[in-house]
Every structure is written in C-alpha cells, then in structure tokens.
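Here the chain labels run A, B, C and D in written order, and each chain numbers its own residues starting at 1.
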C-alpha cells in the first residue's frame, strides 16, 4: 500500500480514502462492515452543542442517478457524543470529527469538547438542511468569524467544509485568510423534487442536498479551480466519488485526500476492494497517489 | 392539446416545450426528425457577431449519466445567419433566437440584425465555454449593461439566460432591474474530467458544461427560489428535463416554459410522443399546465 | 450479493409483479425482514422490499410497478441484493393481520409461518389474481377497506401493514388493542447509519430499518410526518 | 429503435467482443456507416459504432471492452439503436485497407463487399482470434505495425482506420497517394446538430458524423486536435 500513502497537515494517512461526514453515521453500524484499518480516515456525522432530532420525514428522495437528503443534522449533542461515542472511535484510522452549529460560540464549544478525541476537526459550514436563509458558508462574515475563532482556539488540524453552491474561490479565500490550511470541496448540492400528484415539494423544507455519481465532474472542476488559485491549500475532494478511477481523477485535479459519502454508505462491504483497486490502478500506471496530486496543473504526469 | 397551452409575454405557445439553444443546432438537421408544429418553441444555437470556429476537439466527454461539452459557440456569424438560416426558421413554432458576444456592442449588433426573424430573443449570458475568467453572468456590471441596452433597443420579448453556477437570485434581480421579464434558469453546470492515463484534463479549456438528467433537482430548486423571490418574472426551466413528469415538476416549481437540450438532441424522434405523454399526465390529473405553474408556492394544486 | 432473476411474474394489467431469485440462507430470513434490491445498472440507491415468501431457497417479493427499479428490471437479468435487514414481526398469539395493497407482502410470509387470520384490502382487484391468499382469509376491494372489515373482529393482537393513512386510521380505531404497525420510509443505507428512515417514538427518533420495520402502535407518533 | 441482443461473443481475455442483433434493412447499410448504440438503462449518450458486418438481416459490431456501454450490456438483453448514420466509404479501385485495432470494423465490412487488400495491426493478438480475416490478408502484432507493412505496397488507393496517431503517421507517409482516413470523435447527436464531433478541414470545420466518418487525408488538418 506504499503507493497510497500521503501526509496531510502532519498527519499520516495510509491511504487517501476518507469516509465523509453523515452517510456513515457515527461509525457504530458502519464499522460492523468495514475494518477501520482499511480506510484512510473516518469523518463522524456532524455534532452540534445541543441534541437535534433532525427534520421530520421524508428525509430522503430518490432522484435519477442520485439521492436528495434532508436529514437536518440529527445528533445526540456534544455532551452525549463525548461521553458515549467519541472515546470509541477507532484509532486505526484518522479520526475526523465534524462540528456544527449556528454561531461562533457553538463551534467553539463543540470544537473544544471534542478536540481530545479527534485527529482532525472538520468545520461544517455548508449543511443545506438546517438554517433558514442558506448555509453558513453563504454568509462571509459569519464564516470568517467561525473559522478565525476555531483557528485561534483549537490546536488540531482544521478542515473547512465548503459549499458547492456558493462561489468556491471566495469561500476558499475566506478559509485561507482565517488560518485554515485544509478545505473540503464540498458538500451535497442544493436540489428539490416535486410531487406531480399534488403539486407540493417532497421535502418539507423544499430543498435537500443532492449527492451521487453525477456530481463528480462538478467536484473535479471546483477542486481544480481551488488548487489553481490557492496551491498552498490542501484539498479534500468530495462529491460523487464512486469508482477507484474517480480517486485518481480527484488527485489529478488537485485533491490530497478523497472523500466518499453516499458510495461508502450504499456499499460498505465493497470498500476494501475499492481501496485495493485504487492501488492497482496506481501500480499499473507506475505512479503514486502523492505524485498525482495536482499534476494536471503541471502538465500531467506523463 | 388545450391543457398544454400557455401565453408568455404576449406570445402564444401551443405547449410549453421549448427546444434549448445548442444541442439541436440551427434546426436544419433537427427539423428532419421533428415537425415544428409539434413543439412549443425552438431556440437556435447562439449567434455571435463574427463567425466562430468553436473549440478544437475533443468537444464532448461522456460522464456517468451526463455529458460534458465544450463546443465554444461555433456559428457562422450573424451576417451569414441572417442571410441563410434565419429566414428559414419554421413559423409553426415560436422562434427564439439566441444571441451571444463579449460586449454590449456585440449583443446589440446581433440582436438588431436578427430581430425581424425572431418571435423572442434569448440573451446568452452564461456560456461556460468561451470567455476566460468565467461567464458574462458572473460579471454583474457587464451583464447589467448588456441587459439594459438590449431592453432599451430591442422590441421583441427578451429572455436572459442565467448561469446555474452563479448566485441565481442575484442574477435574476439584475435581469429584472434591467427591464427583463423572462429568465431562463439555466445553462449547463461547469464541470471537468481528467484522464487518469496521463494526468491531463480531457478538455483543452479544462472546464465544460455538464448536462443531463442528474441536473433536474438542481434546476428545480433554482426555479423554485427565483419564483419565490420574484413572482413577477416568467421562468423557463432548463437543465436535465428528460421525462414528461419533469415538465410538470418544473411548472410546479414555478416555470412557465420548460426547455430541453440534451434530451431533445439524443431522441428527436421521441419528442412527439413526449409531448403527448405530457398532455396525458395533465389529463389524468385533471389539471392544465397553466394551473400548475408555481402551484407549490400556493400549497399545491390538490 | 448478486443473483440471477429466477422469475418475474406480472399481474394482468401489470400493476404488480412477483420477483424471485435464489438465496442461500446464510442468515435466517424471518417474516417482517426486508432486502435491499437493485440491478447492476441501477437504480443508484437500492430499494427495500419486504420478503413475501421464502421457500426451497427461493426468495419472492411482491412489488408495485411504476418506479425506477422496475425500469431496470425490464432489461436486467441480474439482481444485486443485501439482507435480510430489519427485525422480525413479533410472534403473537393468533393475531389478526390487516394488509393494504403491497403491504400484504410481509403478512403473507408471516401467515405462512404463524397461525393467524388475514384480511387483505386493495384498490386494485388484480392484486388478488397475482398473489396467493391462504384459505379462510378475507379480501376486499375499496370502498370497503380492510379496516372496515377488521372492525368487527374481536381479536386482541393485530398487525397492520399498508399505506400510512391506513396505519394512522388503524391506530385510531384500535387504541385499546395490542396493535403493531409495519412502517415504511424511504431508505438509503438500510442499516441505521444514514438517519434517513426516521420515525418519532415515545423514546425519541428511531429508524425503520434498524429498529423496525414493525413498531408497537403505542410507541410511534405518526403525526410527526405531517 | 429497439432490438434483442442476438449474440455477444468475447475474445479470450475479454478485451474485445462482437455484438449482433437483427436489423430490418429499411435504409441501406453501407461499409463506413455507423449506428448509435445504447441499452434501455444506459449509457445516457448512445455510442457510435461502425458496422463490422451486415448479413442475412443481422448487424454485427466489433467493440473494445472496458467502457460504460459494455457495463450495461453485461446485464441488458435489449439494444436501443439509431442508424445507419454517416456516409459510405468511397468505392475505390482495389484499394489497400490499413486497420489498427477495432479500426478493423468498417474495413472488414468494406473488404467483404469490395475487392481490396487488407493489413490489420493490433497490439493485442487476441483480436485475430475473434474476428474473421479474409484469406490473403496480412495481420501483424506490434512492434511491427500495419503501417510498417503497408509502406512496401505500391497501391495508390489507401483507406486507413485506427488510432489517431496511426492516422497522422499514415498521412505523413502516404502524402502522394490517394489516402482516405476514417476518423473518430466523441459524438452526441450523430446527425450534425450538436457540433460535437468537429474536424478541421481545408473547407472549415466539418463534422465526423455528418460529413464523414471517411475524409480525404488531404482535406483534413489533424493538428487542430493537438
């Protein structure tokens, strides 16, 4: 597995495959199917200061080749999380804890409480399913303040999870200016679906987050742009990855880590094989993952 | 076909199905397969002041469930267009001529030359495949000036074709402020794909425009938002429509017309049947297309 | 796991079909449990279906036509499946089973393995020509619903499966009986990870896939959905 | 139009396959023409394939494995097709046909209907075990390419089909002969509407689907692509 190794922000990843926040929950069920020693990193479902029931059903809508979700950040709240979940996160993989909230205070509170259990902390600025008036990332001032406060107060490497719906370069710039060195590009894309039998939206909040393979070209272009403009940022490529080939494409576009949400959720048993196949693709091409990172900006690797 | 009729900006459409600009070219080939009397409207490929060769190949990349294109607005230029193409556009359908360019001057020149052959003019502010530094719609000042000048100088009903990549509400506001009453939401979404065998992008400009069924939920959410914020705007829903059900969904979200590009291109022979099936869906539900328009904002139709 | 489609049998007007394939029973399959099914070409998210029958190593499902899964089945020879998932229907003493439409699927399987009375309702008569219904069962076509019939039964133990409106009405009607409801919510993971198939209970949010699909009527708050 | 897959025959290591289905010849099918193929479940955009053979109402295609179309074919029993599209290869007097890899497809069909000499090159030997090659043809495995062999032929009329690099080299090598190239570009509409399959010619931009796929080598500027 030499060809898959990569270091990001001083943390060793045995491979670049990171399970995304949400679809795999807090890991309790997920790790019944997947050995933590096979995956590069695991991101927990987002944790907020208070427990959240999440949105009333339906929370899912099937779309052609995709999935629309409106979970609404259901989670037990940081205190229960820290007591019952966090200590059990497997140490055989890089533990990324995703933190959420509404205000600077919220993020600081959660960040400080979870920090000791995390190898990295992901700041979720881009959930499409909770706030009225858009994601946090669509509010430049608020996201600046949150990122600045977290950079100042937390000592674990921080990831800012950006939104594919806003201006990705602006968001990356805001992250960089506020001390963030790793950005996750990105969350699910905002979408909706309507019931033709009654003329109403399927989801009560109308909007949901679209995930699935079709997002991949969109993700790749965003990763490419961010890498072109801010080569000093480390990027997590996320959105639509569903095939070992996609992992290589993300690296080529500029991602140092590659994350998967929906695909890991629908086929947890297949992840082992997925990682082996990724390695095989690299071996066949006699190139390491690290060498691929951002190589399209240098005229390719061959 | 009573249930399908709709009037927009004083123009009668026998049905709301409008062929989108580009994939069906200038109609010469397309109308060998489709009778103009079956479709509500036909939008020409975008016309620019000077002839354009378009981008060098490859211009197309297949993606999972979608298509990435980088045509680059190949067209014969407005003078040849007006001489050889425009006079032959079939009058049995609403003729929408799409105009493009770089500057206010460009748009005015093309608009004025094509006006006499058009029932409506679509101002293409959102082509992802020509300008360095993004689409025109990403430049608020330039798009304001173009729209203002066109509103002032052209007398046919105008459509502003917006970009799904930018802030759609901001773009709609700019259109409205500059005298535009119809917005097309929207163009193809920006995407990229990389060759894992050499580490280079498949497309020379890296970016292309993603079209296909997966876009539909994204389109629907954008249509919904624009209708919620600017009920006075008429909306063309475009992006991912590929099934008669989708036509109803677009109307429910707020679209007065529904446009199809890629689907019309890959199955021109099927359009007739597509429109019949759309009508049948309405009949089964005892509702007209017009009654559906925006009904999700009024609590549904049932 | 993958299997070849063994049979796909439609009802007369193709409103419903029975789908079967071979399953080498590694895990015990119990009435009330479901499998997630898709084909190699789609849909992207596998759909959950209750087991309608499991005999001689063959699993059968009763499915309503019209969706994306059927679209792919029309051409695919292969099924990709995952299961059994979810919990078994509790073993009750001689319960009354009330089914609405394809809600009959898990109850058919339950009735085969447990002594019980059965009432099946359907808007669409052709369902009854496709499925097999044990002798001495009642079946009824709207406007007389399965619930209208069930009202007259004195049985204490009741298990109902069908459209959400039917379940809500059952909950109203049978307040003082020992009623179980087999619930349905859109699912993505089918294993209690994604938080997609939420149901509100007296004990907080639970998940249909992991904690259900059968719930005691007293425990669940169906109004959360509306 | 729709058809049932009649046969799908793989080469030994599954690098190539022959796909056939029945076609009721409404429009005449000529060597050089292509069909757009997909299955009811995908890929989203049908892929163009040159006719490899058409006999007794059965169309056959020679296809390289590994893409999305094959993925769907693995399970689908049905083909959705559209064609014949494009133009026939011009009828030349006893031409030399040079094929590289699956570029052999249109030339196989041409050779069956027209007197000609044939040289087929392939990196991968197993191609030759799958396809049939007329007697007195030459076939060669890299590093000796079909072009290396063709160099020694004095024939004036040449038709070449294969990878773009091979075609560029052929254009260089046979400057003073009457060379035709069968080109390939990604296609979406296949009918000259979408402007997707552009090729630069001495007469401006043309389209492989509508104006080709066969072009006179003199006419095309292959450097535009690079």
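Just so it is clear, a contact is a pair of C-beta atoms (placed from the backbone, for glycine too) under 8 Å apart; a residue touches a chain by one contact, two chains touch by 3 or more.
Nothing here was measured: the structure is a model prediction, and the numbers come from that model.
Novice: Which number of steps is the smallest that gets you from subunit A over to subunit D via touching chains?
Specialist: Tracing touching chains, the least step count from subunit A to subunit D comes to 2.
Novice: Counting in whole Å, what is the centre-to-centre distance of subunit B and subunit C, each centre being its mean C-alpha position?
Specialist: Roughly 44 Å, centre to centre.
Novice: Measuring from the mean C-alpha position of subunit A to the mean C-alpha position of subunit B, what distance in angstrom results?
Specialist: 33
Novice: Distance-wise, how many Å sit between the C-alpha centres of subunit B and subunit D, to the nearest whole number?
Specialist: 35
Novice: For subunit C and subunit D, what's the span in angstrom between their mean Cα positions?
Specialist: One centre to the other, that is 51 Å.
Novice: What residues in subunit B touch two or more of the other chains?
Specialist: As it turns out, subunit B has residues touching two or more other chains at 64-66, 212-213.
Novice: Identify all positions of subunit C at which a residue touches two or more other chains, and write them in rising order.
Specialist: Residues 42 of subunit C each touch two or more of the other chains.
Novice: Using the contact definition from the top, classify how the chains connect: line, ring, star, complete or other.
Specialist: Topology of touching chains reads as a ring, each chain with two neighbours.
Novice: So which chains actually touch one another? I want all the pairs, not just one.
Specialist: Result of the pairwise touch check is A-B, A-C, B-D, C-D.
Novice: In the complex, go through subunit D and note every residue touching subunit B.
Specialist: Answer in residue numbers: 42-47, 68, 185-189, 191-200, 204-205, 210, 224-225.
Novice: Enumerate the contact residues on subunit B facing subunit D in the complex.
Specialist: Per the touch definition, subunit B meets subunit D at residues 22-25, 29-30, 33, 45, 53-54, 56-62, 64-67, 69, 71, 74, 212-213, 262, 265-266.
Novice: Which part of subunit A faces subunit B closely enough to touch in the complex?
Specialist: Residue list for subunit A touching subunit B: 63-66, 68, 166-167, 189-201, 206-208, 210, 212-218, 220-221, 224, 242, 245, 248-249, 252-253, 281, 285, 292, 295-296, 299-302.
Novice: Touching residues of subunit D toward subunit C in the complex: what are they?
Specialist: My answer: residues 39-42, 71-72, 74-78.
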